[in-house]
């Protein structure tokens, strides 16, 4: 197994983009519980995100969600972020909250609704110019609830047309990133339900169209690291939306439900070159801190990714390859588990300290008094949530 | 196979309770889409429910949800319902929307929160007196999202205590009905996740405590008719919450996702005597018409239950028993399928007509002009939803 | 809704290929129960398959499995089949029963094992010449049981190489059909686990490489008709392996577990032109009659496909399109259900009779005495099963 | 967190029973691959099991499977085991391989078949007398493949009668242990599919009837540690059948698929007192080493249980309780994860050494030469498998 000191160069490459909406309120269809100090606007969200980066050094950028994060002056927002030490990142479109989208958006049967959704993406591309964002991420709620409700086949063609129209508008240094999801909010069919569909659609668009893999968007039992390996092989893995789940799209803290799965995913990321910044793979969180504190929830999340990345980097790949080649099932598995079971937390703490970061970012944040400060300062106004 | 005329006596026993909340707005965590004419208060909800009964003769009672349906004067609500030809039915408690309940209610670690939830149920029992309801139905959102967050074992004991306290207050002719659910809104553990837990809890209470089976509250692949048979055998099947699902608790129209499953469920209901009114089994809907019109959605739902009940009554049980006894797998299955594949819709239409009901309740409702009427009349005010 | 007489031309196009192995013994890992009269060799299997066609007119060809159906003289087997009124169809390879394949075949880490598996496919292609078969169907058991056991990424590349080598050998009028499967017999990763992988692999090969969709090879909750629509759209749906399942790859009689799903699949097949013989979509069964009689099990299966195809053809597509365009969710669903709930069995019986076929193929087979005849005649020798 | 030295007393209590059949060949329905040196009879199986105990000190007893392990002289087998330092343990009945049991055994519709299955259990009880076994473990393959095939409700009653008859014969110091399983080999319904059914059945029998929880026998997404907690609370957790799975009942090495789940299970075991020998909870393996070497597969398995038990014992329960009481979700989860992430392997190696055991049991076994020895010695004869 490599020494910890041998993996720090690679480890230092890890950068995780935070979702602005993780700092706002979220919940289930049953209830959205508010929390003290929750941001009222994008400026406050970015201030909170900057706290995560400050204590971890892991989260240098923040993804925006339009229209939730629409501001009058994106230059000002960009400067605000820069002042706090972070950058604006991916622009996420939203075509699931306008009344027009009840039965779909880019795949809707009505060309007027499709055009409305396309126009929304054009507006997002305009914002990308102002924010300096590389990626336009498209997650669609499109689908149907009842057999017969929609023409599955035509919708796939309409979707292809809509995406092609948007893709034409994307700049040479920009990317269209298409996310897939097994189900929810549609319950019978979803127009981009699996990686195969996302792959077929982006392949038809061109090189700057890639796939987003949200770790919570699969059928029960799906081997996610296989999809990671496959998309890297096909040069179509654009980004991750990290979170974890026990049942459906639970959007829990990444690594909380199945840390071993996160490790296996990172093993395949590294195997396929995805940790190399030139690979273009973006690591993002997409989570809902429904009941836990949001800023520490995000700190815990990026730490979980870092810890599992460290373990994955410690994997003795030469020994593993030899065991695989010899067909020694138990030896290969033992080598795989060895890195996973290695406790990297102490080494990581020391390494953080050596880089001027707190050894224990969770404790450092708690000690900072920021939580109390925002709880007191952010009185009045409407707390941000999925509606705004 | 029996003649249709031989099953009408049994068929006439079918009565399905409607949920008042099906007439209000509902949705997913992503969006609640409003609809024109949605009720603003419990009186309007009951008026809508009465439309379903008027056109189908199948839905003589309406379940209430407290506090969503709390009114100042339940006598007036009861009289209003009676005027419209329906009765008030089951009282459903709600311990998932108050801030105090973020981490649980009857199973919460804090005795003060448990007492608050118990007191809410006492209030529900008071309402049952005013409404003349037999059943207090308890569905709990209690659970946890992260391993370690809660002491699963202690919570089970606290739950038992809370339920015992409530059970003591139930009248001699009333019942406590405990519902189970696999997951959601809690994502790691749920305090009443399966029929086994509900059974163990109500068994500890006494004869007037029974189980509610919601058809959408199971793990993928669960054989629900087996649970129906088992609970009937154990004399603990109190009620159904009918709906259908493809993935999770989708709350779609009952029979929409898997009509054959609904048929199999009704076959076991009849096999176990559950259709007999003396069995005490209550048939209720619990659905969300997120994108379809609500009143016709409910009409379609009760018709689906009626159609599948008719098919299940047509099952040639003597022939089936003979085939089963002879171990003829294909013959037994063919007999089972024969009734399912029999198109009962024409016979049902004629029978409805003979009873003074519209042959086609969907068409009759559409022709009634009621939808336009409420869309025009119900201007202003706040549409009812899960929050109120 | 169309009249039955309007759909018979399309219905007459339906032809379902039977798997020779359905007539041999099969079972679970726990036990293979034998049955009286089971064939001892490929000639007897084909004789049994011909019974299915004789009574239904639906099953004009028989798929072979190599080496289970290897004979010294395939010309003689072909003539034998022709004498009985059926043709030899798809050749299925087998790379999961030789000791060399314990850790894989076409995706094995050892090039010698890969070459052995490639050579087996070359032998299958030679047999295709003798049998006049169009399709070489490849289902792979390749995968791993433990994380680390295998290099998922390299195996995908090795698989691509192996398939390319085989594809080169395929004749101009022949096709390579790649089947995917979610899991089993490998439990951690499978090398072709989903339609996306099969699609990416066959797309890299060329036009004569297509995908086989086995209806039992998906994750729980997967919308299979969506995949049907998508593969037809991508011109890569080569064939179906029909069966049904409640949990995993149960290989039950098609339509037995979820007849409504079979209907929806046939609706998308027709929607995408897959019923047209020029589409190249082959309809096959792949089932295990572990406890039921095998020949009637196959008869029931082809009848189930025929019945659901008839219902799907009866779907009023103009009305459906209009309802979909108007966004009327309930009306569209009702039109979809109308055809499904229509009892076509009587019309099919009459139509069969008009074509010189028995009205009730199950009864006709039972009355034929064939079952007793083979039970008596086939004494001695080893009953065929998955091992031979 | 406790010191490792504080947990060794508890850790020393851990004893895991090995299944004799793990040393014989096993596989899937597709193929059983043989391995060199596989035992030919129960004596050789026990010799192999003794190797596991010799190198780990964790596996002092061996479960037998009747008829696979039937011998003429059980006294001799018992003495043979004692000579090798192990004891004979649980007797597992088998009612799934005789032709009579194709459609069921204790729940079969034919009373003659039920009696045959009861008699088999009487024979097992006789063997328990000879072997000194405490537990009769009953896992039933009973179920059906097709709707209508069987009368689910009657079978539950027949099952209750059969179990009651067997229970009467059980000695005062013996136990009847009923195992449940979600599906397989039956695919439509299973007569004991869930813990609720097993609980209801054993509760009707009496105090000496308890439940066996096989960790691979649940629906996808099931929270197994909840069931552990519940059965301990209800005083009905009799034993574990440990293994792991990604999809169905994969029977992989325990802890291989989801080590965090195994940890959570052990946390609840300890929480409920199940590690205390007086609790009566038996820890057993039930696995299939289809492709990996069997003896090291078993060694790895018991080590995995030991490692996760150690982590679970290290959990700081006081700190956890405090965090739970304060409602601090993130703190409680962090405490839970802290013990899981602690690398106990070094401490365990040292502790083993201090007890006269090899530090690295896997390496010690490999160095022992035993594998080569049995491969050479066990020539000729039939290798043991599930059939014998």
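When the chains are written out, they are named A, B, C and D in that same order, and each has its own residue count from 1.
Convention: a contact is a pair of C-beta atoms (placed from the backbone, for glycine too) under 8 Å apart; a residue touches a chain by one contact, two chains touch by 3 or more.
All values reported here derive from a predicted model rather than from experimental measurement.
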Shared touch partners for subunit A + subunit B come out as C, D
What are the chains that subunit C and subunit D both touch? A, B
Where are there more C-beta contacts: B-D or A-D? B-D
So how far apart, in whole Å, are subunit A and subunit D when each is placed at the average of its C-alpha atoms? 40
Multi-chain contacts in subunit A, i.e. residues touching at least two other chains, fall at 103, 145-147, 182-183, 188, 220-221, 223, 246-247, 253, 256, 260, 291-292, 329-330, 333-334, 337
Can you list the subunit D residues touching subunit A in their complex? 220-221, 223, 246-247, 253, 256, 258-260, 291-293, 296-297, 300, 307, 329-330, 333-334, 337, 340-343, 345, 362
Complex contacts: residues of subunit D adjacent to subunit B: 103, 109-110, 144-153, 156-157, 182-183, 188-190, 193-197, 199-200, 218-223, 225-227, 229-230, 232-234, 260, 264, 268, 271-272, 320-321, 323-325, 327, 329-330, 332-337
Considering only the defined contacts, which subunit B positions touch subunit A in the complex? 26-31, 33-34, 96-97, 99, 102-103, 141, 145-147, 182-185, 187-188, 220, 245-248, 250, 252-253, 256-257, 290-292, 386
